[in-house]
Structures are given as C-alpha cells and as structure tokens.
Amino acid sequence: MSKKGKKKLAIIVHSGTLDRLYCAFILGSTATAMDMETHLYFTFWGLNALAKGGLEKAGLPATYKHLEEQMKKKLGVMKYPSPYDLLKRMKASGLLKIYACSPTMAMFDVKKEDLIPEVDEIAGAAAFLEIASEADITLLV
Amino acid sequence: MSKKGKKKLAIIVHSGTLDRLYCAFILGSTATAMDMETHLYFTFWGLNALAKGGLEKAGLPATYKHLEEQMKKKLGVMKYPSPYDLLKRMKASGLLKIYACSPTMAMFDVKKEDLIPEVDEIAGAAAFLEIASEADITLLV
Amino acid sequence: MSKKGKKKLAIIVHSGTLDRLYCAFILGSTATAMDMETHLYFTFWGLNALAKGGLEKAGLPATYKHLEEQMKKKLGVMKYPSPYDLLKRMKASGLLKIYACSPTMAMFDVKKEDLIPEVDEIAGAAAFLEIASEADITLLV
C-alpha cells in the first residue's frame, strides 16, 4: 500500500503485442478508476511500443497473427478505446506513473526524445523492484 | 489472505496455449490441494479456451508448434491429466473460483452459454483487482 | 519477507526465449544486488533452458525471430553479460535459489544430470507456492 493509504498496482510490461498491451492497459485504467496507484514499467518489446507511433503499430503475436485484421475491425465497430487512449485516460487520473527501462533503451538504441511524452521516468530495474515490493498486486505482462 | 484465514492465489489467465494453460492449472490444482483459495480470471485467449471444446483444442504457440505432437503423445503415455481434468479437480475442492472477462466476451462475441458450465462469474477487471489486492500470490500467465 | 528480514522476490520462469530469460535474470540480479532473497522456479521452456548448453542456445520467439541476429550482435558490441553470466552473478551473491520443476522434467525426459550444476533443488509446484506466499514480489515470466 502507498503512503497515502491507496492500494498499489505494479506491472512490468515486457510485451509489445496488441493483446498484451490491452491486457496491461485495461487493468491499469480499471485500477486508476478504482483510485489505485498504478505503476507501469516498460521493458523490451513493451518499451519499443512506447516509441512515438509504436502503440498505433502494435499487432498480434505470431500465434494469432491471422486474427489481427478481424480483431482490429471488431474493436473499430465497438468504438473500443485504442491503447494510447487508455494510457492517456490513466494519465489524466493523476494515479499513473510510467517508467522506461534504461538497459532496454541502450539495447535497442532508443533515445528519450524517441518516446511518447507521457513517460515519467527513465529507470533501471531497481526502481521498479523498490516500488513493486510495496505494491498490493505485482504482475508481468 | 482470505477472511477464513486461508492463503489466496490469484492468476490472470491471458494465454490460451497448452503450455501456459497447464502452467496455470498445475499451479491452481496444487494450490487447492494445499488448501489455498484459488481465483482464476480468464481473459483474451484464455477466455476463448473456456468456450465449450476450447480446452481440448489448445495447442502450442508458434515458437514451439513443431513440438506439439510429440508433447501430446508424451502426455498420453504418462496418462497426464488433461487441462479440463485439472480444472474439474480444482473445482471439486470447493476452493476454486473461475471468472470470465466480460470485455473479452464482447470483443470476441462469446456468450455465457458458449462457455463451459464451470465458470462461476462473468466479471470485469475491477472484480479481479479487488480479489488480487487481498491475495498472497498474484500472477499473469 | 524472509525470516532474516530481507525482502523476497519469487519468479516462475516459464519462458525459454532470450528476451524473457533476460527479463527474469536482470530482475533477479538487480534484486540480489539490492540484498533481496531471490527464488527462481524454472518450468516448461524455462526448465529446458537450464539443460547444459540451453542458455547459450536461447533465441527470440517466433514473433521477433527476424530481430534475433541483430539483437545478439548488439549485445556483443555492448559486451552485455550473457544470461548464464547473470545467473552466475546472482548465484555468487548467496541470495539466489534455483528450483527445477519436477513434473516438467518427467514431461520432457530431463534428468538431474542433464541440468547445469547451479540448480539447487528439484521441486514440485507446492514448494514454489509455499515460498511465493511469503514473498514481497511474485511474477511469472
């Protein structure tokens, strides 16, 4: 639990595919709507999805690639919010903090200015572990 | 911990492939055998696996597809319980609760009557987060 | 928290691909550097990666296979420690315990002598759940 008595959710977002980004962002936006502090630490393919234009390009993994077009069409018909919409909604709550994994940035030659402006902090794994060890729910997507 | 003083395991089952369903169900059936309350929240491909006949059709992901036949044969030789067998075993303990993710059902046009009868509740992410925030172990498969 | 007052990290390593092994091992080696007790329970593809020579052969999953050569080259240029190097580093801290999943070993015909010598214990899921229920952070990679 956080110092302000709020419950705390900490998610490592390792994946960059649409299904798993949605999973993380639906959990996160539900959590902020429930007044929980939400911490998302983006690493590997998840970090790459935070590059400008990255969230818009996310598709399904190889196993489900054949369902991608159908899923995107259905989401359009449902007027389902995009991953970036969900991220902005969480951000607007004032309860979301977004971390970009610094070793991943070095590994993939991603610079701070390549990332969407919603990123709060560039940080190593220690920062995440510190937060996660005080969280009520810890997950890796 | 639960009100009855039992330890509590909460797993989001996002995956629908055989390897990961086994992972979730082996953890879950071990937990119920240890007298832990077990909560499985099925979303995305995991939810699709709960459609009638879905667990029987589960195979390996693209990366390991070439090992699928060999693995299924070996499981047969070992007389290893199927995923559905494990699910029924957990259910029989009285300690398992199964949730089906309502947004996923809308996204994939899955109706309540399409799902196996073992599902306890159709629920959004808030129900899961509420339970997970009181759990001793939280995982996403 | 452990009996010695140390924070405790428990990770199920289900994956055997390079990106996810790195994810688990970077978290683990950061945790041991922060004086946290670290418990890694290897199952399925993760267990297979603990066979002698397995960590060296790990590559990217099907979705990202086309980036494998480029990523390995970049890691070489950065002189980034290999997964096995990170594992040995965690081990040297005296804070890491490695578990090999016994049902997975039966399923894939892996014998104790096939595994790298750093494995501490061959154990079923109950051993992991016992530890995870006392941990501050629980994750599945």
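Just so it is clear, A, B and C label the chains in written order, and each chain counts residues from 1 on its own.
Definition applied: a residue touches a chain if its C-beta (ideal position, glycine included) is under 8 Å from a C-beta of that chain, and two chains touch if they have at least 3 such contacts.
Fair warning: this is a prediction, and the values are worked out from it, not measured in the lab.
Student: Angle of the rotation mapping chain A onto its copy chain B, from a C-alpha fit, rounded to a multiple of 5 degrees, please.
Tutor: With C-alpha atoms aligned, the rotation comes to 120 degrees.
Student: With over half of the numbers shared counting as same, classify the chain A/chain C interface as same or different.
Tutor: Different residues, largely: of all residue numbers at this interface, under half are found in both copies.
Student: Distance-wise, how many Å sit between the C-alpha centres of chain A and chain C, to the nearest whole number?
Tutor: The mean C-alpha positions of chain A and chain C differ by 23 Å.
Student: If a residue has to touch 2 or more other chains to count, which residues of chain C qualify?
Tutor: 61-63, 138-140 - these are the residues of chain C that touch more than one other chain.
Student: Under the definition above, what is the set of chain C residues touching chain A in their complex?
Tutor: These residues of chain C touch chain A: 7, 9, 19-20, 22-23, 26-27, 30-31, 33-34, 36, 61-64, 71, 74-75, 78, 80, 136-141.
Student: Quick one: which bits of chain C touch chain B in the complex? Just the residue numbers, please.
Tutor: 12, 14, 17, 43-45, 61-63, 103, 106-109, 124-126, 128-130, 132-133, 135, 138-140
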